[in-house]
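The following pair of complexes shares a single chain, chain A, combined with chain B in the former and chain C in the latter.
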Partner chain A sequence: MANLKTNEKKTKAQSMGLHTEVLTGKTQQKFFNPDEAENFFYWGTYDVDFNKRTDLDVHEMDCKDANRKIDELMSQGYGTIVIKNPQGKHSLGVGILNKLNLIFEGSLGYFGVGSIDGPTVRINGRVGWSCAENMMAGKVVIEKNAGSCFGAAIRGGDLICKGSVGARTGIDQKGGTIIIGGDAGAFTGFMMQRGRIIILGDVGINLGDSMYDGTIYVGGKIGSFGSDAVESPMTKSDIDWLKRKLRVAEIGENFDFSKMTKVVAGKKLWNYDALEPTEKKGAI
Partner chain B sequence: MCGIAGLIHRGNISNVGSELQGMLQALKHRGEDSTGYALYGKTDGKNFIMRFKVGENVAEGSSSIKEDVSVYDERKKIVDSYLLDLGAKIVKEERILPYSLRYEIEYDKDLMEFSKKIESVPGVEILSLGKSLEVIKDLGNAKAVCERYSLDKVMGTHAIGHARMATESGVDIKSAHPFWGYPFSDVSVVHNGQLTNYWNNRRGLENKGMRFMSECDSELIAVYLAEKMRSGATLEEGMKESLTGLDGVFTYFVATKDSLGMAKDTMAAKPLVLYESDDLVAMGSEEIAIRSVLPQEIDTYDPFDGMVKVWQI
Partner chain C sequence: MAKKKNKKKKKEKEIKGQLGKKKETAREKMIGQTIGYRYDVNLLPDYSRITPFLKKYIEAMGWDDLNWLEDVHMGYEEDRPAVFDRNANGWVTIPNKIKLPNNQQDRDMIARELLVKFQMSPNHPLVDLKKAYRKF
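Coming up: the complex of A and B.
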């Protein structure tokens, strides 16, 4: 990595007129340099082999040690890692930025598998608050229930809970799909900006409160609509997409889509450039 | 942020002192300014057990002042004389720490009059009064308080506890949870959250003759519920009314001689994880609290917004 503080010779980027000042600070020193090959790789990622499998018992580990060990195993090429005895520990499996089959044999505490970008995760248990927060890509399947703030601010990927979830699911969601097999609590889709939420059961009060964009599908009863959340007619495209998505998620088989309610932003609260509606973004 | 935990054994007794210690210690990262236990032990139900303090354990940030042990002795003498005046007989007396005492008392008259008289002694506060309940609270984490008061062998049916990070009031025992539901015997409350209509409610309740010993907003819940029950409401009715009567974000537990309840505000802003079975209900701010008593894989869930539940022993 270029150390711009001590680099007397101009880099190619600087020769092009960019950033000729001496930059300091850790973040600034990671400034992109097109001459250096390492900048074309995602830092902190590994090439792993899905057929290379191992178990990791985290019973006696704290979350830092467990996450370090997962990182170490990935660096050794393990592509399928089974975590034993997670026992509700917080922040397990966070920051994984490469493809990986990660299986938890038990429940997670807060902030499980947060900030991930790529792995396929199966949790044979329950998850606490803020599971998969800031997820960028990948797939996470939870076999039991989830706590509040499920999928907060996710950007992409599929996040599936086969049980029920707490309040504020998909708060600040910016992309991806959240699928709930059971019920969801209050303020689901609060301030969501893009992406889709599917709830097969009932949902609590203030659904979609202050949502900017995105779509929420509800199979059961709705406690109440939040500010600027409105019902929209279900289309054939919606139903086709839902069928496909639920089939991949392996839940909601034989679900009656005609009972579903589609909820979108009324756009009365919009206070930014009206040239950016969903239909112009091309896809959610 | 604070952490709360509670459990109830249905149909049997267990070592609730040790179990609650494990649950609260698992939540120590949520606050270790003070820790409190409300333990519902196995007693013959004849006498009242009064836990009270005659002084403070004071830490940095406290609104209380350090005092000499001789001041505590003087207060204890006055309490003893007042008990005689009230017609209460001390059956057993334990001075656990210079400022913390436990009395077993024979008494069969009005508890409000009793409490007012005892607490008229400056610096004296009844932490709990009941035939089953004992509230023990002090500065430090769950393990430290458990060791200081030898709670690890306490047998009972149910218990609630609190690991406190002081935000709204001082670091002292009077601001620590659980709060006793004065003037009802055997009622205790722990709370995680903030109440925003504390002063309005407090003024109204004080006008009705209720007492507050601290400026901790959580104390309001105990007093609020006690006043509701005093007016004839059941515990569950009072708890349901609290969802609209109390403003702010909260999850709280309340326990009586034979029941344990939980309530969660309509914003669902404060965490709670719940495990229910026929024999045992265990709940806490985080799943790791429950895991300290149930390490095996279990089914737990987050109660929804506005939920009130009460379990009997």
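Coming up: the complex of A and C.
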């Protein structure tokens, strides 16, 4: 694990009260054995069977009870769970760190299926704000429209909305792929750091504003580019990957990719001069 | 005596980052570390190079593609090939006995395979943390 290495010599910065430790030794080789046996099971998760299916009616439940019940069903080995009557309840299906086939027959409120790591989720309705925020892995398919902050801060996995989405889609995205079959609102990809966003329709103003890295593909019209978002040429690798991804997403497989615009970071914001200007002055 | 002091200073610079390995900018010289990545973090995976282990993993998880592993690449830690483990928030360096190909696509596939094996291993540091702090 990480440990701190302290420089013995006192520098000017140190004498001013600033720290001069260098962070080293973050390697974890001592835990690592490349000849580990083949194992597709994360420690502490439930061993579920996708063919074992059950229904759960959450009409009379609040979100806490419903989420606890989903966990209980997974512990009994159920790999496919169908949620009936979600009725726009908030925070349903959050924190599932397991492989699972989860189907919602209806719409979700805000923060639906947040912080998930592994499940395949299908929502046969709409979703509110911040659907799948902080998602780590898995696949989420929404059949209708989504609210704003769709996929906020996601780190991995595939998040698909077959309809249109609101503003700030993929805000602070750190990985994974967001796919939108319809249109997207303003500030899509705002402060995006990594990952990919695909929009088959039009997108609003300030696309990719202050994006640090990552890629945005737009099939329709762009309202305007945000600060430091620039157009980049499409490559064969992009088109091959897009074709495959849209097939997986069950939308737009026959899309005309020649009309698509690829947007990346101009990297003009790649400087650290704004950080701690007073301390920096003192240290030099 | 003066020569020995100079040698010590050079060693300290090597520990701090990757300076001296490429033509660094004035800003990098000032802060003493490299800005940006030394590999392509946006490289899209070439599915023709997927390993049999990864195929089995995808099938076991019920996905259609590499999913979150699309964002995993072979990087570097202290000038050694390594893969970043987000669950442990640290770099896992690749043992010397593993020979790595020059092709970044193949290197990334190896990184993905090793990372999955590591995360599912009972030796993973998260196992102890979960045992100690897990609430439900």
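Here, the second predicted complex is superposed on the first by the 227 of 284 C-alpha atoms of A that agree within 3 Å, B and C clash if a C-alpha of one lies under 4 Å from a C-alpha of the other, contacts with A are read in each partner's own complex, and residues count from 1 in each chain.
The working rule: contacts are C-beta pairs under 8 Å (C-beta built on N, C-alpha and C of every residue); 3 or more make two chains touch, one makes a residue touch a chain.
Because the structure is a prediction, the values reported are computed rather than measured.
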Greater residue coverage of chain A in the superposed arrangement, chain B or chain C: C
May I ask you to decide whether A:R244 touches chain B, chain C, both, or neither, giving the answer as first, second, both or neither? second
For A:Y110, select first, second, both or neither according to whether it touches chain B, chain C, the two together, or no partner. first
Does chain B (first) or chain C (second) touch A:T215, or do both, or does neither? second
Which partner does A:G163 contact after superposing on A: first (chain B), second (chain C), both, neither? first
Taking the complex as given, what residues does chain B use to touch chain A? 266-269, 271, 273, 286-288, 290-291, 295, 297, 299-302, 304-306
In the complex, chain A residues that touch chain C: 1-2, 5, 7, 22, 24, 26-29, 31-34, 36, 38-44, 50, 71, 99, 101, 118, 120, 136-139, 155-158, 175-177, 194-195, 213-215, 237-238, 240-241, 244-245, 248, 264, 270-273, 284
Interface with chain A, chain C side, in the complex: residues 12, 15-16, 27, 30-31, 35-36, 41-42, 44-47, 53, 56-57, 60-65, 67-68, 70-71, 77-78, 80, 82, 85-86, 88, 90-95, 97-98, 114, 117-127, 130, 134, 136
In the complex, chain A residues that touch chain B: 87-90, 106-107, 109-110, 125-126, 128-129, 144-148, 163-168, 183, 185-187, 204-205
